[in-house]
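Handing you a structure now.
By letter and in written order, the chains are A, B, C, D and E; residue numbering begins at 1 in each of them.
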Amino acid sequence: MGILEVKGVNKRFGGLQALGDVNLSVAENTVHAIIGPNGAGKSTLLNCLVGKLLPDTGSVMFDGQSVLGRKPYQINQMGISRVFQTPEIFGDLTVLENVMIPCFASRDGAFRMHAIESVFSEKTMMDKALTMLEDVNMADKRHMHAASLSRGDKRRLEMAMCLVQDPKLLLLDEPTAGMARADTNNTIELLKEIKSKRDITMCIIEHDMHVVFSLADRITVLAQGTPLVEDAPENIKGNPKVREAYLGESA
Amino acid sequence: FANEPTGSTVTLGFNVPQSGPYADEGADELRAYELAVEHLNGEGDGGMMGTFSSKALQGNGILGKKVEYVTGDTQTKSDAARASARSMIEKDGAIMITGGSSSGVAVAVQALCQEAGIIFMAGLTHSNDTTGKDKRANGFRHFFNSYMSGAALAPVLAANYGTDRKAYHLTADYNWGYTTEEAIRASTEAMGWETVGTVLTPLTQTDFSSYIAPVLQSDADVLVLNHYGGNMVNSLTNAVQFGLRDRMANGKQFEIVVPLYSRLMARGAGANVKGIFGSTNWHWSLQDEASQAFVQSFGTKFGFPPSQAAHTCYVQTLLYADAVERAGSFAPCAVVEALEGFEFDGLGNGPTLYRAEDHQCFKDVLVVRGKENPTSEFDLLEIVEVTPAEQVTYAPDHPQFAGGALGSCNNGA
Amino acid sequence: MNVKPDFSKGKNYAETAPAFLSVWDMHAYYGESYIVQGISFNVHEGEILALLGRNGAGKTSTLRAIARLDSPAITHGEVWLDHQPLHLKNSHQAAQLGIGLVPEDRRIISGLTVEENLQLAQIAPPIGWSIERLYDLFPRLGERRKQEGVTLSGGEQQMLSIARALARDIKVLLLDEPYEGLAPVIVDEIEKTLRLIKEQGITTVIVEQNAVRALELADRSVILDTGTIVFDGSAAEVLENKELREEYLAI
Amino acid sequence: MFGLEKKDTTLLIIVAILTLFAPFLLNPFPEGSGMAQFNAGYPDLMQRFVIFGIFAIGFNILFGLTGYLSFGHAAFLGVGSYSAVWMFKLLSMNVIPAILLAMVVSGLFAVVIGFISLRRSGIYFSILTLAFAQMMFALAYSVLTPITGGETGLQLALSDPRVLDGARLSDNIPVPGLFGLEMRDSTRWAVGPWVFTFNVGYYFCAAIMLAAFYLAIRIFRSPFGMMLRAVKSNQQRMHYTGLNTRPYTLAAFVISGMYAGLAGGLMASMDPLAGAERMFWTASGEVVLMTILGGAGTLIGPVLGAGIIKYMENILSKINAEILYGWFAFLPDGLQEFVVTLVYPFIGKGWHLTLGLIFMAVVIFLPGGLVEGGQRIGRLFRRKPAAQGKDAKAKQPAE
Amino acid sequence: MDAIILQILNGLDKGSAYALIALGLTLIFGTLGVVNFAHGALFMIGAFCAVTLSRILTLSRTYIDDTQTDFLGRPLEVKVPYAHDWFGPETGAMIIDWAVPLAILFAIPVMILIGVIMERGLIKHFYKRPHADQILVTFGLAIVLQEIIKYYYGANPIPTPAPDVFRGSFDFGVLIGFEPNSIIYPYWRLVYFAFAAVIIGAVFAFLQFTTFGMVVRAGMADRETVGLLGINIDKRFTIMFGIAAAVAGLAGVMYAPINSPNYHMGMDFLVLSFVVVVVGGMGSLPGAVLAGFLLGIVESFASMKEVTSILPGINQVIIYLVAIIILLTRPRGLMGRKGVMED
């Protein structure tokens, strides 16, 4: 029994079957990669997990509880964090504040009014955020407005925002797209390190096979909304079906 | 007492609408005030000072002090009017506040003046409440009121339209509307008319078609528009558009009545007012000596005849000045005493009484009709009847004026 | 390497223009932040230039400045395209002169369908490929033509963005990370298309984090670091020069 | 100090000093001089400055932080005023219970209206709040006349019970006070030709305004304030970060509604009449304009904006042609006439025109409002020493 | 029954005014994304175009008539319009009588010019600014425009009648088998309704059958990208603004005979027109028109005596009540597009 159990999930958009009968089981403390051609339904699947979309049929269980019908913030409070395909950050806030907000969310829950305390008196939160920023090499940019970051930096910031919450399940939608190679490598190291330090399960969508094969314990290949194969990385590489539908010659 | 003038001048506060829908009326009131100050200070031709029965005023200011004035904008909002009045009292040291073009403002400012210990001489305010349930010892009204409109209009209506009429009232949904409807209903029903419908219309309404249309289907043969200002202009225009004036109902010609007329409104409604009855406080075509003197001096200075609002405001200023002279003091309580029960003549509208019980003045009321062939843009109304004061006089405890107490005069700190 | 153009001839610069697209000593600011700090390079007609550098090096800013978008604002320097002074134009004029930019965040217009997004590109002259031909190139878009553009999957949006640029008859194609978020097979496809475009004589500037792929495609390469050029030479040179790669590209 | 950052403490102290010495600062011109017209140091206007300051500060907590633009905020001001006047009528002329009731009742209204309106965002939210306020205005003006006084406004009467105040002593309506201190009491102090007025009501309001301002600073700098700014920036991300935005926005809405109610209660305490126009959409629009004019999202901006608008309304509107002639009496006759004709449309009954022009000028030339203007001036001054080559730190100016 | 038909007619007529104003507003507000508080002022200026034209047509020469006196007893100045002198009294009178319809021709260029100047000179700089700034600047502009009109025309309403042939009313009831005089309806209001239908149709056609609408919508969603596609979006925005101003102005011209124009009539309509646009849904022209008619009809029914006697005051609040209900049940109004002004 995995920590995340997706059973028979279907999702249609009008005439389009975006997800058809998806079954997925992610074991605790593993990295599970989902790959597949563009438009296969990978992001849609993640959307169903975080409450952005409600699947037409099927069930999604996390840690023994159903996530369906819960609000996004409730799902996050259960321990699921997500990095989006196009960075979702608080553009008007500084980088540091961007990371502090999730710190508060995981300490205080979905709502708590600290209307009188000063942000600066929250030393532990600030330190936590700063340490996180150092981990992603962005401490020097902590006073910048998040909106004026370059694209790669926005990605890293968003990842920091998710990691600082110490989630049980981290969903990453193309976390290294647009990242410089050096930073991609750093990110791989960072994710590996985090995984070695604490209990965390990750679900990662990536088109960069270098990242996928460096991190993944298991890989599911999704095509046209249905899982094509699920296997260990070594076997995926050689799978002719996957090569044809997705990897092409260059892999 | 508050704001006692110590120097060689005395300051009056003219609080009129300068912005908003009544700005033109306010502008006319200001002209009248300017003229009154001129006359009080002995400039110009003296206007009504010559005809006024009390001869206390000498054209040397008030009690020898030159009259100066400050102006403010009421915006026809009670809050803004009070703010403006307070600034005149607190900043400019005004000893008397006057003006306004609606009952809401008059009542609000009157209450303020009572608290502050300043005399308030109301401008245009027609609601019964001003000298009814909201009366105050420091406030006086020279304008007529809803009850008087009803009392003056009813006999004329009966004479022209008969006593067997079915009336339908459209009433503006606020205090003035309520008191006017009540007054007109009471007096027309006393003549034998029947009221077949009354509908309240929102103050902010601009298109009255959905209120006019049902009149067509009622069995009414008279429509009474208890509206003022823009409301009246629009509802009358709409009523005429719907052909009510060309209509026969119950075998009679359908008629429209507008209880309170002003020249500015008549101008706004244009040709639609022709032949429609209403009442008014004063009109420039009155032929008595006092009115003529006022028209002459106003007309010469500004180039057109004064409105009823201008007349009221002018008279109020003279009355106040005269009362101070007679009392020999600016102290509000002395002024109140001098004005209470004061009888005078020579300010238009014939012999007049400022009644002590409610500070309402009693004088002749005019019933007018929209003129068929106006010769100028100011010549829109013709006087049909000058209703004598006795006919519009009522007991101080008349039910339409019940509640409220005058209290005692306040000299202020 | 860099030939300093002869500006002394004023308007007759056309005769001395060293290249098809010339950027000379360009300085550009976002508000008060000085980002592009004096860049000069030339691109010859029909050439593919790879513009490389780390996150935040100023690649996107350079492309945006060339396309004459409002920010960053060029405060000094000149940009010439086919004898036309671009630095004196605004963005729609530049576009009409033949600049086509595929922006990094794709910029699919919300509220419009896929097809309308393409039609929009063909309103102002000069018109390029027909919409049908674009659908042949990206069959995926043909299938989704009635769908609202912003609901496309990430990769589909990228295709639409490229297709939109080709729908206009452009002289220079500026690609900002075109492979980002695309499945390897599609990247292969696009690479083929870019070669095809090159054959048609369209000049291309490509910004890409996957430097090796870009360099294999490109004729020449320019490497940026903190808003200045640190290398300008042939693509092969970069591939051979290990130091350069390690220092600026971390590969 | 006070648990504030240094920058904010400085700001608070400056504001405190300004309000304390307002009777001097606002009356810079000697009595009787031509410029005395521009003096604003009389009780009514000074009270209005601080009361509308409170209103705008509260509005800014909602709008400046969360970006939710309420177009019906005046409704809470009106509700506060009515509650306060009712308290005067029924219970006591002491202002404390009146103000407390004003805040409680407006808070309750804010809970209900906020709960419903916050289901939508953007313009849809604005229109929902507008609709509620307009309904409240329309009903208060007409059907609810027995409760609200309708057109004339709710006012005190001699016959009111006032159960706590005991037997009526005089034939006049009592005035609101604070344990014997009457709100309208003033002391005048003449220094040469200058006259300064110190009014109890003003200092009472000013003290409350400072408290309200202090609280607003704390909110702005608190994690709660940070969350609100995050709501403005990206609600989606808030949700996926495990935060429920609704309680945050509702809390902000209620707090700002209570600020409005407090302002309404104070208004009634200074002048015990509550008019329905207080709730009309133009009144709601006014506070929006005050906030933007001063600088939305800044601490002091809304107070400045409120000051400007109230100043124009009360001072400019009172200048009439006669006064103009007085001012330009030194000019030769023809020129005097000319100058007066030129200036006349902008003052007195034309004060709205000037107001409109100021609105336009401020947004066009000072995006970010008056505070932005102040910052620019500040920067000008700061740049000079920097240019002299010393290491002047480019510090962010106070908001 | 006849009462209901009558109220439907009323509602349609009221609705056509709302729809027409909202149409212009939604072009600026729903499509260009500018919160234009000066829109009411444009409507008002349209109405004053009618006033101005009738003033121009009645420009008069004056002569002194010694036989009559004015109110001060001086010889009377009599005015004779030049139109009477030039075209003869009969044709002259007719031209003056037709001032309002003629004002349509007069208003179109004037309003387009005002719209274009406004956009080029002011609004242009505000597309990228926050909505709050737009509110402040357009509200300021509205006040300025109002005050200018007030300065020249005064605060009082100015009667501006329709041509004589449209005076009186049409017996609608007879047409559908009711008693004579049970359902009558003023001619001019029927004209207004037809006029509104034509304008609405024309605007729809323009935006539907040309790519103009699509480009403007795209430009609003993302100006920068549209510019990258070689499209001069500024020019189109200007045109759009000109059209919107003209629509607002024409609505005003035709409205002048229904209610005498005054300088604050724009503000009276402003809030209502925003409500209509938002209830219709941001960015949707059909939505705005539908909402205009819907609210017009609802308002008419709520004003019936039968209704107000059960629910006193309902006529005061009905529009807002319906607006709240619609916005709560339909998140983006009747037909709103996603993402337009939702944040």
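Quick note on the criterion: a contact is a pair of C-beta atoms (placed from the backbone, for glycine too) under 8 Å apart; a residue touches a chain by one contact, two chains touch by 3 or more.
This one's a predicted model, so the numbers in the text were calculated from it and none came from an experiment.
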item	value
Separation of chain E from chain C in steps, with touching chains one step apart	1
Intersection of the contact lists for chain A and chain D	none
Shared chain contacts [chain D and chain E, defined touch]	B
Between the pairs B-D and A-C, the one where more C-beta pairs touch	B-D
Cα-centroid distance, chain B relative to chain E, in whole angstrom	34
Chain centre separation (chain B, chain C; CA means) in Å	77
Approximate Å spacing (C-alpha centroids) for the pair chain A, chain C	30
Multi-partner residues of chain B (each touching 2 or more other chains)	19, 23, 27, 173, 200, 202, 204
Chain D: positions in contact with at least two other chains	138, 141-143, 352
Contacting chain pairs - touch in the sense defined above	A-C, A-D, B-D, B-E, C-E, D-E
For the chain E and chain B complex, residues of the former touching the latter	2-3, 6-7, 9-11, 13-14, 17, 68, 70-72, 76, 150, 154-159, 161, 167-169, 181-186, 188-189, 257-260, 262, 264-265, 268-269, 299-300, 303-305, 308, 312-313, 315-316
Of all residues in chain A, those that touch chain D in their complex	50, 52, 71-73, 76-77, 81-82, 84, 88-93, 97, 100-102, 104-106, 109-111, 113-122, 161, 165
Chain A residues within the chain C interface of the complex	13, 16, 36-40, 42-43, 85-86, 148-153, 174, 177-185, 207, 209, 245-251
Parts of chain C lying in touch with chain E, wherever the complex brings them together	67, 69-70, 90-92, 95-96, 100-101, 103, 107, 109-112, 116, 119-121, 123-125, 164, 168
Residues on chain D engaged by chain B in the complex (per definition of touch)	39, 42-45, 48, 138, 141-143, 145, 150-153, 155-159, 170-173, 175, 184-186, 197, 271, 273, 275, 277-278, 313-314, 317-318, 320, 322, 348-349, 351-352
